[in-house]
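Heads up, there are several structures right after this.
You will see two complexes here that share subunit A, one where it goes with subunit B and one where it goes with subunit C.
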Partner chain A sequence: MPTPLRLLLIAGVAVAGLFLPALAGGSPAIYSAAVLIAIFAVMSYGLDTIVSDLGEVSLAHTVFFGIGAYVTALLSVRLDLGPIATLLGTIVAALIAAGVLGLITLRLREFVFSLVTYAVAVVAITVASSWSFIGGSDGLRGIPPFELPLIGFTAKDDAALWPVAYVLLLATLYLMHAFRRSRLGHAAIMVHLNPRLATMSGIAPQRTRLQIFLLSAPITAAAGWLYAYQRAFVSADVLETYFLILMLTAVVLVGRRRLLAPLIGVIIIQVQEKFFPFGGYVDKIILGSILILVLAYLPNGLAGLIAPLVAAGRRAVARKAAPSPSNTEA
Partner chain B sequence: MNLAQQLLNGIVLGHAYALLAIGWTVLLGVARLVNFGHGQMYMLGAFVTWYAGARLGMPYLAAGAMAITAGMVIGYIMQRIMLRLTLKQDLVTIMIVTLGFGYVLQGAAGLVFGSTGQILETPLSRIDIYWGDLWFTWQDIAIIVVAMLFFAALKYVIEHTGVGRIARMVAEDPALALLSGINVKRVYLGVFAFEGAAVALAAVMVAPRTPILTSMGFDEVIITFAVVVLGGIGSIAGSYFAGLALGLFTAFFGAFVAPAYTTAAAFAVLIAVLAIRPRGFAAAPGSR
Partner chain C sequence: MVSRAQISRRGFALGTVAALAATGPALAQAGGPVKVGVIFPLSGGAGPQGQHVTQAIQVMAALINAKGGVLGRQIEIVSRDDESTPAIGVSRANELISAGVSVIIEGWNSPVTLAMQPVINRAGILDITAISKADPILSGEGNPLAIRLNSSNSQDGAVIADYVAKVAKAKRIAFLTENDAYGNGAQASIEAELKKLGYAYEKVAEEKFPFTQADFRVALTSVRAANPEVTIAINANEGLGMPALIRQAKQSRLPGKLVAAVGTIAPSVISVAGDAADGLIGADIYFPNVEPFASNPANKEFVAKTQEMFKYEPDKFMALGAGALQAWAMAVNEVKSLDKEPVAKRIRGGSFKNTIFGEMDFEPNGQLKSRHYLFTVKGQKLVVDTKPN
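Moving on, here comes the complex of A and B:
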């Protein structure tokens, strides 16, 4: 249970986080990396609910990301709508897409589910790069800056966009936290680990799956929404495999079902790519290799690697503090 | 006449698809495994063939043999790394790992072969044949012949030889196979090496038909998936006919409806089939 002190501490850390890029030097490169980290982390949290909680692998989440970016671009370029309206449009479009995809894949499991979602992603790329209504291979240009006239806010660069990205990230973290404590969160885990028991306890597995899908898609799409403003243009490359591999690696790298894990995963990957790059091809090899090695050799992620060390450290400290074997720590 | 030309294109394309899918058919049918790096392995097979031929000056057959060997080695290494997951039958994780392998292969190929597209020319693809109004190359004939021979040989090996019996047994019940003294690990490694070799063979034969890029490979996975599922998972004869059917469908759809949306259309067919018989997937592993 969150005590007032704990709440205060969390609030303090949350507020302090806002100033992290400034503390790290505050250069445009830092702010740009920070905004992208926030966007990609939000994108990954959408997938996290499917992978960690539902135990399936959706490879169609780049499509939700793309839907967010494209809907935002279309609404703002063609209809001159502001960020609030484009966000609403993004959420509605993501819900519709997730509903359709969810219904199609409702009865599919494991690799068939993944393959169908992968096929959706591949088809989405071909459609996005050939359908002229959404810009075809040229994409959509001229997305206006992120502007909220009501409070006189305009974000012309990444430094100004950072608070927006940060708020989106915090909102997502809160949503994830609330989801894992909710009935739906518990139902998802039960469907994942023991479908029969879930059915016996009155949980409809297929309904749960659909609900998780409907929760997950708008989160990833919201990341696409902000990405459109950050880049000021959208083209079929928002659907690239890079985003999929990035999401998957971020979700599994640190450990599953830990609130901050995808965020930390994205930070590790993005810091390497933005500040210690080895060129596009080598970065690809690095990212792919991390994904392979973690899954093949670290089933519990980095946390699984660190946890025994931490425990050993604690034991050592405890031994030093109380040399008698009768200490109560276990 | 256009219709006859499309029919011919469809038949060639169909055999190309069948050839592309054969590794997966065995992988899924025998080992109940999947490989999302399949498309990138196809890409790599094409580039190794191209490199050996155009840069090292090797003849087509030797270049092809080199590509197939490379495919086999890569397949073996992949399975070696994933073996623990395979023995646990942790399919979800295996999928992501193979996806990661595909991504690594793509990066490595870009690093070695560059980002420019190449044309893989073979002695057979250079000779055009005109027959009435019809146009094709010797490469097209070779694709059809190789695909037919490969499928026939595979069907024979799986159904009538000791190797095939072992593979079928592992597919049926890995635990029981282990108890009866079969080295299950070796079967899994062998199946994945076969998958790598088979997709490389497909690349050697089929890749000369189109320009090759290190970023290709996605369409190939989807086509493969469609062929394997439409044919009934693990069924060798089924895959052959499904490949043929899909090739004809793609050729006619591309020629008469919209070439840009052929992958989307093939996928739509697949979804329709899935909607009609989703239970088809629940078929017992190894059942034919």
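Moving on, here comes the complex of A and C:
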């Protein structure tokens, strides 16, 4: 497909996506679901870079999500700062935390890496729920609505917040796309698949790992930033395993290193949870079972299940369309 | 409505849109039932208690419906499970808002309540918190028209402080406190209330322990050595920690009186602790079969209907859930409106007669004024001092 046409098509789909909640009925529940899907998808993309590109499982990404939410709450409630300033604060705080965590885990691999990141998450939730400066177990309340006075924009409900969430999602998708085509993206994959070859090719694996961490953390933290405005209340629960399981499942469910996979994963999980719930126990069993099945039997996610069928379909279509071999030879 | 076949034909994205559309707002038609949203944990650790509170609200709805409902319409309870998770609670609140409920009765865990408050408030729906205890619930930040039935930490602290200073007249006080937000907050409120009374006392021992602890023998040895006149036990682990603490206190021959923090002595605690519970002192706000509740016709009716529908006796938490619906229904029938503002204003600072709690009085900030009753355990039974504190 020629590039301008392709760009036009992508732009068309992107603009159309903005109107999806309105087309789906436009009720407060629809907008609320749409905003949360966008926020949780952005949260998952941060983890996606670590899982899909670096090949490690970080269990500390709730910490970056929490940093975004807490920094936003503190800056907006205590210092009365607006969303642009809180976003900058979020990014700076996430970069510092990622730098520290990245340096600590620089030489760690696989389950040791996961264990250390899990320990960080446990420490974070304990600190958040007992440190009174950040609200302790009562959390931080009174976060003002998302407001940009320069352009006269105020989002008092989820319908008004949706364009912001959608723009954040589009920006994240673009960033992920650009990252996977960049030198850093290629270096990450090489470090992941063949660290020796990477070193021989002049790539410093440890520097690459740190850079990926520094890219990943602000993405997940930006989701926490918008989540604070959406919920108007932040407490230690933003660090709970609910969010960790949600992002891990979203990342592996559809397939790794596919641009839209985490988004589709979050849509599947959230639509089931919000519109077709089976109750707390059954929902958790379903989510856990899906995670087990995908990890044990579908290393390439649902896409791995569908891709052979699509390929078989294409072959069948090609066979029908192409003239028979005897005719071509004749 | 879109059929399954259509969804599969048009692919995933369109299917999602269709599914979302199918669950759009279903506002109650005039003359149809009035929907009352109820959000408590129905699964997980607090699941059994949340289910009981929801059932108690259903019992109260049946009683109100038998007497003509609200504004001549029947009450329909729409219940959801918050899974003790704030993010899920918020989703469920949004669902109920879309379902067109007139009020949401919620709240077992404080963080879940605090997360749901701004969402329900922004939607213009009345929000009544039944159980969650955190003080910020009434701060007005999440919901300027908040209403809460369960007693606050400071009310609970005041009744224990009152007992220590005026009944036991104890000067040597020890604390055995759960080391978390609840335990430390409860101890701080008791000490603050003692200070407010201007009561001079000596804190002779203070032992802290985690929620899951079941062995208190080392801590009790230190407390016993300090020879307290009153030991205040603050332990919300009613299934394990509290009965163990009571038994071990008896075994260690702890001197003086053992006093339990408000709301930590359920009948199950006494049955597990057995004879060791004799002499234990506590306080609470509701007892189904003790005066003044036993002879209160509204309470008798509620207890009998609960026995009939669910075959058990209601506890305090169930009474708080049912009381929330009862006060709301009375306010709606009086102001002849389902709108948030007039109903909330009638409840906040108002009082209601002939409820399951007798007379219910609300403070201007929405907090129900609790009447605490002191009790002593004798022969594994609660003997309630009928004079409210």
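One rule holds in what follows: the second predicted complex is superposed on the first by the 320 of 330 C-alpha atoms of A that agree within 3 Å, B and C clash if a C-alpha of one lies under 4 Å from a C-alpha of the other, contacts with A are read in each partner's own complex, and residues count from 1 in each chain.
Basically, contacts are C-beta pairs under 8 Å (C-beta built on N, C-alpha and C of every residue); 3 or more make two chains touch, one makes a residue touch a chain.
What you see is a predicted model; the values in this text were computed from it and never measured.
By the touch criterion defined above, A:96 lies against neither subunit B nor subunit C after alignment on the C-alpha atoms of chain A. Looking at the shared chain after the overlay, A:30 reaches subunit C, while subunit B stays out of its contact range. By the document's definition of touching, neither partner reaches A:84: not subunit B, not subunit C. Looking at the shared chain after the overlay, A:237 reaches subunit C, while subunit B stays out of its contact range. Of the two partner chains placed by the overlay, only subunit B lies in contact with A:115; subunit C stays clear of it. In the superposed model, A:157 makes contact with subunit C only, not with subunit B. In the superposition on chain A, A:130 contacts both subunit B and subunit C. Shared-chain residue A:259: touches no atom of subunit B or subunit C. Within the superposed three-chain model, A:15 lies out of touch with both subunit B and subunit C [touch as defined at top].
Looking at subunit A, you'll find residues 130, 280-281 touch subunit B in one structure and subunit C in the other.
Only residues 34, 36, 81-82, 84-85, 91-93, 95-97, 99-104, 106-108, 110-111, 218-219, 221-222, 225, 229, 260-261, 263-264, 267, 270-271, 274-275, 278, 281 of subunit B touch subunit A when the two sit together in their complex. Interface residues of subunit A, counted against subunit B in their complex, comprise 55-57, 59, 104, 107-108, 110-112, 114-116, 118-120, 122-123, 125-127, 130, 241, 244-245, 248-249, 252, 280-285, 287-289, 291-292, 295-296, 299.
By the touch criterion stated above, subunit C contacts subunit A in their complex at residues 12, 16-21, 23-25, 41-44, 47, 81, 83, 85-88, 90-91, 94-95, 97-98, 110-111, 114-115, 117-119, 122-123, 134-136, 139, 141-142, 180-182. Partner subunit C is touched in their complex by these residues of subunit A: 20-21, 23-25, 27-30, 32-33, 36, 129-130, 136-139, 141-142, 156-157, 231-233, 235-237, 240, 242-243, 264, 267, 271, 273-277, 279-281.
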